[in-house]
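Chains: A, B, C and D, in written order; residue numbering restarts at 1 for each.
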Amino acid sequence: MTSPIRVTVWGENFHEQSERDRAGMAERYPDGMHGAIAAGITELLGDSAAVVTATQDQPQHGLSEEVLNTSDVLTWWGHATHAGIDDAVVDRVHQRVLGGMGLLVLHSAHFSKIFRRLMGTTCSLAWRNSGDTELIWSVNPSHPITAGIPHPIVIDEHEMYGEFFDIPAPEELIFLSTFSSGEVFRSGCCWRRGKGKVFYFSPGDQEYPVYQHPDIKRVLANAVLWAKPEQGADFVTPSVVNQPAPLINRRLIGEEVGA
Amino acid sequence: MTSPIRVTVWGENFHEQSERDRAGMAERYPDGMHGAIAAGITELLGDSAAVVTATQDQPQHGLSEEVLNTSDVLTWWGHATHAGIDDAVVDRVHQRVLGGMGLLVLHSAHFSKIFRRLMGTTCSLAWRNSGDTELIWSVNPSHPITAGIPHPIVIDEHEMYGEFFDIPAPEELIFLSTFSSGEVFRSGCCWRRGKGKVFYFSPGDQEYPVYQHPDIKRVLANAVLWAKPEQGADFVTPSVVNQPAPLINRRLIGEEVGA
Amino acid sequence: MTSPIRVTVWGENFHEQSERDRAGMAERYPDGMHGAIAAGITELLGDSAAVVTATQDQPQHGLSEEVLNTSDVLTWWGHATHAGIDDAVVDRVHQRVLGGMGLLVLHSAHFSKIFRRLMGTTCSLAWRNSGDTELIWSVNPSHPITAGIPHPIVIDEHEMYGEFFDIPAPEELIFLSTFSSGEVFRSGCCWRRGKGKVFYFSPGDQEYPVYQHPDIKRVLANAVLWAKPEQGADFVTPSVVNQPAPLINRRLIGEEVGA
Amino acid sequence: MTSPIRVTVWGENFHEQSERDRAGMAERYPDGMHGAIAAGITELLGDSAAVVTATQDQPQHGLSEEVLNTSDVLTWWGHATHAGIDDAVVDRVHQRVLGGMGLLVLHSAHFSKIFRRLMGTTCSLAWRNSGDTELIWSVNPSHPITAGIPHPIVIDEHEMYGEFFDIPAPEELIFLSTFSSGEVFRSGCCWRRGKGKVFYFSPGDQEYPVYQHPDIKRVLANAVLWAKPEQGADFVTPSVVNQPAPLINRRLIGEEVGA
């Protein structure tokens, strides 16, 4: 019997509170975007995942050492207040990812401090909010993240994210999105950093109910399964080692000298 | 409850029978190399795998349509009689891999017809059989194939396989081997082909009891878990599609014309 | 002073001759598609390239040992008569690529024998010929193949090629195409095989004058520069080596033994 | 006629000055390590490169805006005083790399601020300074960095750098090093970041005259040629774009509406 995957769904929780957006958000996401994302993962993974939420407005942005030390996978949605994230929290999340925690970076979190730090690039892109239809095509049919996903996923209306997306070449390219205006975007991308896995997935603008879409829920659930650390992971960040003892030398020297 | 992974362990079964080798083989591998490989996978995966063996000397080399159609993962060890494999069987295995079956290619099977066909290169390498110590270092700590594997695995005596290994750049590089004479080899490599996954793993010369080594058994068991198709895989080989209907055009045209 | 890159532009030369197509072909491509491709490379690379053409209807399909032995880069366009290519010629081209010759595979040559052999997959795709607009977006701004290329290239009318394109994951992904109907395609892809480089580029259907497009000419010229072998290349196909002498052992043994 | 590649060779210039090391450094590197690296590049690239040096002890560490704005390729060697580098200079180098400047990161600069920022990982490794023999094997025979390089390069005595090296998987793996004690290291690795190219090359400890080795000089000269920006590069860092106008929509809408 394996223990459930401990998933922490992190949300900026800004648009949900802002005067301008809160009415629409309450319609699309009565429990907040983080609430919807958490519910989707729970709905699809059932007992095999133990899902909690955390938000930026909580102490330590809801990401204390204790929370991170009990997180196998963290999902991150942010947009308006990236700059407000305490660098000490970014350091802590960074160390935890390098130690083995999976990280799902969602939509506008391409500009989050943690993603830019893990990528080393500007993570900039082209965008336009004009209600384009988005089609999400799979280009990696044997990858666990595409299991059970239609080709393409259709999102009737969404913000456009387009190339050039300034990221390191994905180690595994999973999804490509097209938009009714002709743009293209590498919308599902995997990387490994240290002992951890990172998945970026672009759908999920706050103005559209994208996280209620059954296929999008499925992608996130699949990505949790992919990103989780292996059984027995120690979450120790890689560190420099002054390797004490040569391996082969000794054997050879021993043999030759003793011969 | 998921059903067990159906693993077919294929062996050339030549050295086991040959006059020159059979005495030594019987000591190292009383049930044949295929028997030892199958036993190791069963030992480590238990009820989650259903393992059978097949050998080259059987009708259709033991790889009838029926056998392949009930194989989720195939392991392939061959050395002396690659040329004797019927091309129709190679075609069949090739189609099954492209349709989703995992394939583990072991040691001297770098020169097998199926591996060369999947790679598109000569798959040639440097070698020398002089009982070198081999150290197998992991360079991919978050990959499921390295779970529970020491760094390095030590094989006291083994044939040397060295670079240049003429393969396409591995999509995921898992292990690097060094030898007491200073050579290096990309000894654990992953690729995806069609809907299937391919893992090449170099340890396993017939003159050394490598498949009795507990760490080597663990690598093979991990690789079976990695290479298995996703639940619900259809095993249909990708094929050309004359895509009938545009998706976005229609919507736009409808909207505009109906406005 | 470096010597010019020797480029052989190979064409199927079928549509140019066929009763059904020859009138239209003569308009779009008065010197054949191979003639247009060759002219574009010459126009852009000038004295730094020495370009010749060869066609399927010539003896040995125009690809004798002598021709291949004096080719640094080969471009390949075929469509209707892939099956008619002599396997001995495919073998020869394959060996030359593995030995170091660059190969540019164009449009419908995704189904050519040589490309399928180098890839190891079906190379199948989705298609529809309905005069879609194609936009070609660059996702690799530091790659030499994208130098001087607009983002996107616009092709007013073209055949649609769409995903899933059954190829090994490109080692370098250069271009993504979108179509007015919403499809997407990995339209510019690089791989290395043996000592040779392979570039697949999808634009170029015979029914549209795509190779007269200045940006497409530029892509092909850039690709010739990228795919050319390094100065001093020996064009020797990698082969198995029984490596005679250990390197480090000797030194260590010598030291220890005191010899 | 193309203009020369503007190369800035940056050196920490600490061991050259330190009481403990300066006598030995003066023997191995009478003009400093940066002087030796610069001389090697000049020796091999001649008029096609214009090489200058800069050191940490200069104002702005020798890397003013003016210097960077006239650098096509920067090489970086540092070891003892990484922490002393002004973050504003790191920011500037980072922006320049993302805008298109090539960067060669040498030996102990794996722990430099700029490399860790570009990689997003700890960049930690195993090491031991016990005069091991290092063999550098090429695994990428068609890559320009390996042109004219023996297989292997032999360095009689050197510090050992071993796996696990905590870096993102190299986009192109070029060299693997083995050591007489049996360790292995991914010693030559390529990545692209933004519009720039990054090459890490591990040989070059200050206690050994590695940069006087003709094969090492050749690798660095080849790497300069690989890392240089394309002709016409604009060195503009990628940035976010609010893309104003849809491309395909307009055409379709226009056609349908009949406007």
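To be clear about the criterion, a residue touches a chain if its C-beta (ideal position, glycine included) is under 8 Å from a C-beta of that chain, and two chains touch if they have at least 3 such contacts.
Keep in mind that what you see is a predicted model, and the values were worked out from it rather than measured.
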Which chains make contact with subunit B and with subunit C at once?
-> A, D
What is the chain whose Cα centroid lies farthest from the Cα centroid of subunit B?
-> D
Matching residue numbers in more than half of the contact pairs is the bar here; say which of A-C, B-C or A-B clears it relative to C-D.
-> A-B
Residue numbers at the subunit A-subunit D contact, same meaning over half shared and different meaning under half, come out as same
Given the two chain pairs B-D and A-B, which is bridged by the higher number of C-beta pairs in contact?
-> B-D
Cα-centroid distance, subunit B relative to subunit D, in whole angstrom = 36
Centroid distance [mean C-alpha coordinates] between subunit D and subunit A, Å | 30
Roughly how many whole angstrom separate the Cα centroids of subunit A and subunit B?
-> 30
Contacts with 2+ other chains: residues of subunit B | 133, 135, 140-141, 152, 162, 164, 169, 171-172, 178, 180, 182-183, 192, 194, 238, 247-249, 252
What kind of graph do the touching chains make: line, ring, star, complete, other?
-> complete
In the complex, the residues of subunit B that touch subunit A are 100, 133, 135, 140-144, 147-148, 152, 154, 171-172, 178, 180, 192, 194-197, 229-232, 238, 247-248, 251-252
What residues on subunit B touch subunit C, complex-wise?
-> 98, 111, 117-122, 124-128, 130, 132, 160, 162, 164, 166, 168-169, 171, 180-183, 191-194, 237-244, 246-249
Residue ranges of subunit B touching subunit D (in the complex, touch as defined) = 133, 135, 137-141, 151-152, 162-165, 169, 172-173, 176-178, 180, 182-184, 186, 249, 252-253, 256-257
